[in-house]
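The chains carry the letters A, B, C and D, assigned in the order they are written, with residues numbered from 1 in each.
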Amino acid sequence: MPAQLEKKIVPLEFEQPLMLLSQQIEALEKQLADNPNPDLEADISQLHEQYNHLRRSLYANLRPIDHLAIARHPQRPYTRDYFDRWDPQWIEVHGDRQGADDPAMVAALLTLDGIGVVAIGTQKGRTLRDKQQCNFGMPQPEGYRKALRLFHHAEKFGLPVVTLIDTPGAYPGMAAEEHNQAQAIAMNLRELSALSVPVVALVTGEGGSGGALAIGVTNRILMLEHSVYSVISPEGCASILWRSGEKVAEAAQAMKITARELFSLKVVDEVIDEPLGGAHHDADFAARVAGQAIAGHLRDLGKMSGDQLREDRQSKFRRMGSFIESGS
Amino acid sequence: MDLKEWFASRRQKREAMQVKQPLTTEEYCALWTQCFQCRELLYTRDLRNNFHVCPKCQYHFRIGAEERIEQICDAGSFAELFSNLESADPLGFVDTDTYPNRMMEATRKSGLKEAVVTGTCLIEGTACALAVMDFGHFGGSMGSVVGEKTTRLIEKALELSLPLVIVSSSGGARMQEGIFSLMQMAKTSSALHSLHKAGLLYISVLTEPTFGGVTASFAMLGDFIIAEPGARIGFAGRRVIEQTIRQKLPNEFQTAEHLLKHGQVDMVVERSRLKEVLNRLMSFHARPPAGQPHNGPRGRQAAETVSRR
Amino acid sequence: MPAQLEKKIVPLEFEQPLMLLSQQIEALEKQLADNPNPDLEADISQLHEQYNHLRRSLYANLRPIDHLAIARHPQRPYTRDYFDRWDPQWIEVHGDRQGADDPAMVAALLTLDGIGVVAIGTQKGRTLRDKQQCNFGMPQPEGYRKALRLFHHAEKFGLPVVTLIDTPGAYPGMAAEEHNQAQAIAMNLRELSALSVPVVALVTGEGGSGGALAIGVTNRILMLEHSVYSVISPEGCASILWRSGEKVAEAAQAMKITARELFSLKVVDEVIDEPLGGAHHDADFAARVAGQAIAGHLRDLGKMSGDQLREDRQSKFRRMGSFIESGS
Amino acid sequence: MDLKEWFASRRQKREAMQVKQPLTTEEYCALWTQCFQCRELLYTRDLRNNFHVCPKCQYHFRIGAEERIEQICDAGSFAELFSNLESADPLGFVDTDTYPNRMMEATRKSGLKEAVVTGTCLIEGTACALAVMDFGHFGGSMGSVVGEKTTRLIEKALELSLPLVIVSSSGGARMQEGIFSLMQMAKTSSALHSLHKAGLLYISVLTEPTFGGVTASFAMLGDFIIAEPGARIGFAGRRVIEQTIRQKLPNEFQTAEHLLKHGQVDMVVERSRLKEVLNRLMSFHARPPAGQPHNGPRGRQAAETVSRR
């Protein structure tokens, strides 16, 4: 039986053909168990091959909207899943010191491949209750201010910073606006850009707009293979530009939101392969590979001085953009 | 011709113009303007002389970059910079139309090449670096050029030790530039860190409307933040919030006055006083405090630099 | 007619004898106006003399609790009254940038005797509505954070800081606790102590506990003659130590809360004379004298470097305290 | 003798002792202790072996400085500092009794000279500067000596590049020292600025109860703030708030758990894990990060310094 069925993985829409095939195999295998038969066994073996072939070709030809679906898969590993795997003894720290602790932004001290880091990540929440507490991964200003406190902490102690990005964006709520969501994000952009410690970001799922960038102004930006990063959600883009909720696939295509496209655009420094089908098929493996990649970048960056690190980060973002400059 | 007829003919004239050719400023500003707020019919020339503020209800009409520069800069002092930058189309973006077509359309409407105009100027004699956004151009959206021009202006302010004033007006990101649009938030904010560390003054002026990525980057990073009366300012748009929280927002939500009450802006300043207030703030921070040798007379040096241009 | 009656000054309890005498004089003057009479005129003249004598001796022998009453006089000039008189064009700045603007803490840019300063002061509110808005002069954490923002602003621009203290203390409310009043005060103590610009505090009315100190860690502490400064209100002290609300006078006496006592204890650097009867008898005069005193200190401090200013302030508070050190 | 009789005799014995002489620790810790929270009757020796935490409901009993030091320091590693400081009576303060008499009474009850004990120690091998407050002495109130000893300890940490741990427990100000008590807030906070700038770690541990001037100064300035379960922590006292707002406060208000929810503390740590968590935090921050030369191995150097004492 294919591995992902053992783990009761919820199939995505574009994965339906795979699931049908897998159900067929399952049925035949049951039959075989009741009634041994060499022909059936050969059929099944062939079906397995077919299944593996279909699977590879399916995942090799994903549309942006398929990546988006994987990035949003309800079983996709979240920030806490990575932290747990990188350092089972990670220490969580809480609060903005000014009135709130935002569960959508997790702050940790942890040791990654031997390197002590301040780790910050958005958290979507797994159970319904978690999801609600975490606002489905949409931080409030208090979450960004907690992150900022930890950025300054890292600076004080010369600790590298790792950020994990998986958020639809900052929460568009009333209190969030009144508590100055915009300022909270802007301050993070400004302060994060100027840290004199190594800072590496990994987009693990959705990189949603300014709410993602607020922990994404880093020396290196890594993306998991199926993660996405965009200035607005494809849904938002479709509804504004196409004035249609049905043009999400087109919007996702037009905006160039996938890891490989963003790598081609030189916005992203490295794309990290996921297990076939996505990180949720093997979270342990995904975490190990991602952790090693991050640690590698941290080690590289660790050779720079504080001023060099700041300069490296600031000039990286200084170069971002595409425009035509005519002779003036 | 009675008023009704006059309006009808004006509408016809307008519609005729719109299909034929870009409107000149003269033609667009017709004789009469109705106040959006109190519905009073105002003589456009008077309205213009009154900073485009309704004399009856103080409604602050949106104004473009050109008019803003006229209003706050000393006559003839504005020297434009970085006007040689134009948007590219890095994603080859097409929705119901292509991005290049939309850019042409925006330029036709606004008369501007981009949504921000940058340069140096004098404000009541005080030299500064000035950026003015124009909502009339592509909804004041921030693409690479807006980010680049703003960043270059910040660097210019740093180079010349000038105070910086940015008048914002933006609907948010330039979606057609995708991730590049987003990254302008980081680029401008990062440049502002250098300005901040250098101890230079930055005054952010928020005008109707300022939203999204512009608010969540340079617009909220001023040493002082000034808002125009009634201006709507926020991160998320009103409709998005209402959809999210499934309730109607109060009318005053996200207005300048609401932000003042919630500690987000330093002051709400009527347009007629803006020039004076900008000058007072800049002068105050340029002056060396009593006996303090470590704060030089920036303002004066800077004024010389700019007038030497 | 005595000046303070013209201005409709509300008499305090200990001022009753003065008021009675003044009413007597008024009655006789009325009589004299209706019916000129040289004897009566002489009597009135003598009563005037008596009045002035009584007034001088009364104010020369005030108990701590009388000073407290004057410090809390409802017509006493408040922070905005001083700002108005020092610089009619003072610029108010608002907000903590994070959700609130606390009217109990006023922040200003103003020019005092030719010196541009960042001025911060607690504000009690004059009308009932003002009082309520200002929480009767008790700031919330947001007020302290607004002050902190302006302290950092002053540091950035090398502007001296002037603080005016007139507060019963920080507001003991539920939201204030939840928004971490304690941390807001503590941060101000820490950050204010380390500014590299001249900082001068003037206690204009009540200096109430940590809520006052949060804007009082300054190079110079000045007090108006009738102002008070204490670790807890005399009422609070009486109710805790005497377990009696009637022992307020004793508590006020025991704690040494008056300007002159605190000057003797070397906690306060200068006591500024008020108009006879208190600053509310002549706010213009009081503001002029106080402004000149502050400006004088700012000019003195202006001769120091940033490091010297920080060192001066930190060592001033380093020395505060009284203890016995036996040979160890 | 049944339990009731036993209690009665214990009470009599206690009362008799209280007028005669200071209680020794042995006598005070009688055989049995009733849990304040779940009312369980606990064998005192067991309770003590369980960190004075009720094994049934996890209620954390108040403990004194001596026991706290025993619990978190490596055996024999605590070297007391500044024990030669004693309170003066700068105001000649008298309420219903004199301040010197009240001090004697406090010492008789607590066996301590002041409400804070300061020194250096090892915590699971990591050297640090440690201050422990004792609520049992004068309600843990902060007078000049508490301020001075704490400040000297901060300076010692700075001198030896040691991490600092302060375990707070305080009712607030020492009113009998008037303004001098208040000024200790500024003195300690100012010293912490120097520590902060020097990049040294400061962990603040808040225990039942921590209020007033201690909370509003050094207790809230930790790089990390740890609270003990159930500890009540705040600026204003519960009664004062209830009188001000004219309503009852919810039970959980101002508890450690409430503060955690409101972002004021980093973590709530059971007493049995405190030593381990302190060590982990200190070790984490002592370790030089990968390839970063600008953060030396502070912890190790410091341990040598302390063990050399």
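Here is the rule we use: a residue touches a chain if its C-beta (ideal position, glycine included) is under 8 Å from a C-beta of that chain, and two chains touch if they have at least 3 such contacts.
Quick caveat, the model's predicted, so the values are computed rather than measured.
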Chains contacting each of chain B and chain C, listed by label: A
Inter-chain centre distance, chain C versus chain D - centres from mean C-alpha coordinates, in Å: 35
Whole-Å separation of chain centres (CA-atom averages), chain A against chain C: 56
Shared-contact residues (touching 2 or more other chains) in chain A: 97-99, 178-180, 183
For chain D, residues that touch 2 or more chains besides their own: 196, 220, 262-264
Contact graph of the chains (line, ring, star, complete, other): other
Listing of all chain pairs that touch each other, if any do: A-B, A-C, A-D, B-C, C-D
Residue numbers on chain B that touch chain A, as the complex places them: 82-88, 90-91, 93-96, 144-145, 147-148, 151, 173, 175-187, 189-194, 196-197, 212-213, 215-221, 234-237, 240-241, 244-245, 249, 253-254, 262-264
Partner chain B, residues of chain A touching it in the complex: 170-174, 176-183, 185-187, 189-191, 193-194, 209-210, 213-214, 216-217, 229-232, 236-237, 240-242, 250-251, 254-257, 262, 265, 267, 313-314, 317-318, 320-328
Chain C-touching residues of chain B, taken from the complex the two chains share: 196, 199, 201, 220, 223-224, 260-267, 277, 280-281, 284-285, 287-292, 294-295
Partner chain A, residues of chain C touching it in the complex: 97-99, 141, 145, 178-180, 183-184
Complex contact set, residues of chain C against chain B: 89, 91-102, 109, 111, 114-117, 142, 146, 153, 156-160, 197-198, 295, 298-299, 301-303, 305-306
